[in-house]
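Structure, as structure tokens:
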């Protein structure tokens, strides 16, 4: 299919969007480095009292529920309010949705604020759509294909673009002309490094901040992260050096190099689902 | 001595135990990556309200007191209760025991819940056993040999296997037939990378979750981590690249390769001590 | 100019100062590894109830305001009080000063306790001196040269040595014989790895703890970190492998190797400014 969505790649480098990440403590370092690698600027501001005003001046906000606590929940509510007021994009990464009750309640609360995009694995998206039982920790136990209908439902209800990560990625947008893209770009080694998925959430936010078409932005973000994984896997078969090579590849990849390594196809028949 | 304890190595890969880590913010990333590298599945869930039920479904729980705060103390109490209810193994890593009063009190409180294993450096184990004055921060200032008697005392009082890390590791189990193993496997460079010891605590938990004999599991965990250090030290003499090589080696090492590089010996004469 | 300030380099290795870091969660890992790499000993103790007494036994304290929360603010106040009572050096890294109101208020509060040194980028130093409007997140938007007068003002008011990081570093000391050093040592790639600046704050603290002359200590710390960046940039042009090479270089660099790669010059005419 047409890869014009990759034009957003250069827009990230050209505009260096400032991305406020309210994310989990396990991945804050790699997420910040991933944002720097693609040319964005990270700011991990999640303190209550600071988060709202910062979100108004930032280019976009990531809400990642990996290790929430009471103070961070407050900061997250503030940041979402700030982004909404300013008309800035924000992304929800629903880590652990379904299996963990308290954070799942929080996610349902903030879904009402209409995130620009939601990025998760199949189990999380299915759980959030209310059509499954959730994952096992942060792993995905459901296949990506099983997430198509729940993703369409979630997109319809929230207005968000939905990105489902897995062996094949799925990017879904409901609405009058619903669309779903199936994207092949990644490598299984990405599962062996903590934070590659959470970094993808941050990178989605940067692409949304830099590019007007949110559907294209989310596809391009997934393609960038996935191809960096397949490039890294050619350099290393062990997770320590793979992680280093992945960050290097995020930095070095051109849109042309990404285009060569992906296979994206439109899922045609959504009529019965959407 | 007989290295049959290394059979637990394959059991971790085969069962991919889900290890809930309530650990310090400095090492959460490397600990999660270390768990992934050995074939386990990390979940860094420490939020109050979520920690108890998660510990009931997880395969094992790590309690590491490196940077505790009030919310995490609550989460830790919940997780220990959940693991205990479900009969799941849990490990205490008593970072900073002795030198830091508040966390040492917390450790003494949770010792009553009878951890499956306790893993620390000599100073921490000695302090926890009430027979020393504690370390200097997270460093060990006491020799491993000085920890033998305190480790036996601590094991007798709590029922836990005790792992003492140092130039030589010591693994101790009190009871009717008390045992103590002296293990040579590591490399001094492991001291130059933050979180290798804390990752060992997480890896001990994974081995306990995957293998029935807890004494064998703790020996094998120490051997795996230590040999990965000696393999990495052959590739690098500086800490940045050493850390990368250590994660790679955790992933790549076979039980046969580990067996070739360790020297384990039973400490024979425990009668006067235990 | 005379590079005798580099004698402090060996003093860090010889004395292995214990550095208590109350720092942000994004960089705690790399900061601890950076301290280990230069021969210091990190302890990331920031829990209220523990922080004051620990600061009295530690060799020095770092206060980094990157991701503060209410508990950490309490821990920071305690640690500053402990360091002050014991006469130990402490360093303020004013991350986000100016742009973020709550933490800027906290910084102004603790400035009254007279830090031994303050290390930040130009925007942060200018904002803290009350002569500018602050940065954009954690980036510097002001040039280093614009920070000379504000740095002198801040040094005069607080008694602290001021370190301003940028393409050229600026180290400033007010007083009866005010001094300002312009130091060329770094590499732009340092900006592409999160936490190199925050690690510099930790390394400044280690140098202060190991060396009597605080002005020399701060210059040497900047030189060490900067030259490690230029060495790493010769090995790698992408951020993942650059970060690894930077930690390696921190560990491997000798004072002689540092001296060969820096250019330090006294800024002569301070009369009108100081």
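Just so it is clear, A, B and C label the chains in written order, and each chain counts residues from 1 on its own.
Assume a contact is a pair of C-beta atoms (placed from the backbone, for glycine too) under 8 Å apart; a residue touches a chain by one contact, two chains touch by 3 or more.
A quick map from chain label to UniProt name: A, B, C = Hydroxyethylthiazole kinase.
Keep in mind it's a predicted model, so treat the numbers as computed, not measured.
*Asks:* Return the chains shared as contacts by subunit B (Hydroxyethylthiazole kinase) and subunit C (Hydroxyethylthiazole kinase), ordered by label.
*Replies:* Expected: A.
*Asks:* For subunit A (Hydroxyethylthiazole kinase) superposed on subunit C (Hydroxyethylthiazole kinase) via Cα atoms, how large is the rotation, as a multiple of 5°?
*Replies:* About 120 degrees of rotation relates the two copies.
*Asks:* Same or different for subunit A (Hydroxyethylthiazole kinase) and subunit B (Hydroxyethylthiazole kinase), where same means more than half of the interface numbers show up on both copies?
*Replies:* Counting shared over all numbers used gives less than one half: different.
*Asks:* Can you give the whole-Å distance between the Cα centres of subunit A (Hydroxyethylthiazole kinase) and subunit B (Hydroxyethylthiazole kinase)?
*Replies:* 34
*Asks:* Give me the residue numbers in subunit B (Hydroxyethylthiazole kinase) that touch at least two other chains, ranges are fine.
*Replies:* Residues 25, 29, 243-244 of subunit B (Hydroxyethylthiazole kinase) each touch two or more of the other chains.
*Asks:* For subunit A (Hydroxyethylthiazole kinase), which residues are in contact with subunit C (Hydroxyethylthiazole kinase) within the complex?
*Replies:* That would be residues 18, 20, 25, 28-29, 32-33, 36-37, 41-50, 53-54, 57-58, 71, 243-249, 251-252 of subunit A (Hydroxyethylthiazole kinase).
*Asks:* Of all residues in subunit B (Hydroxyethylthiazole kinase), which touch subunit C (Hydroxyethylthiazole kinase) in the complex?
*Replies:* Residues in contact with subunit C (Hydroxyethylthiazole kinase): 24-27, 29-30, 66-70, 96, 99-103, 136-139, 191-195, 236, 238-241, 243-244.
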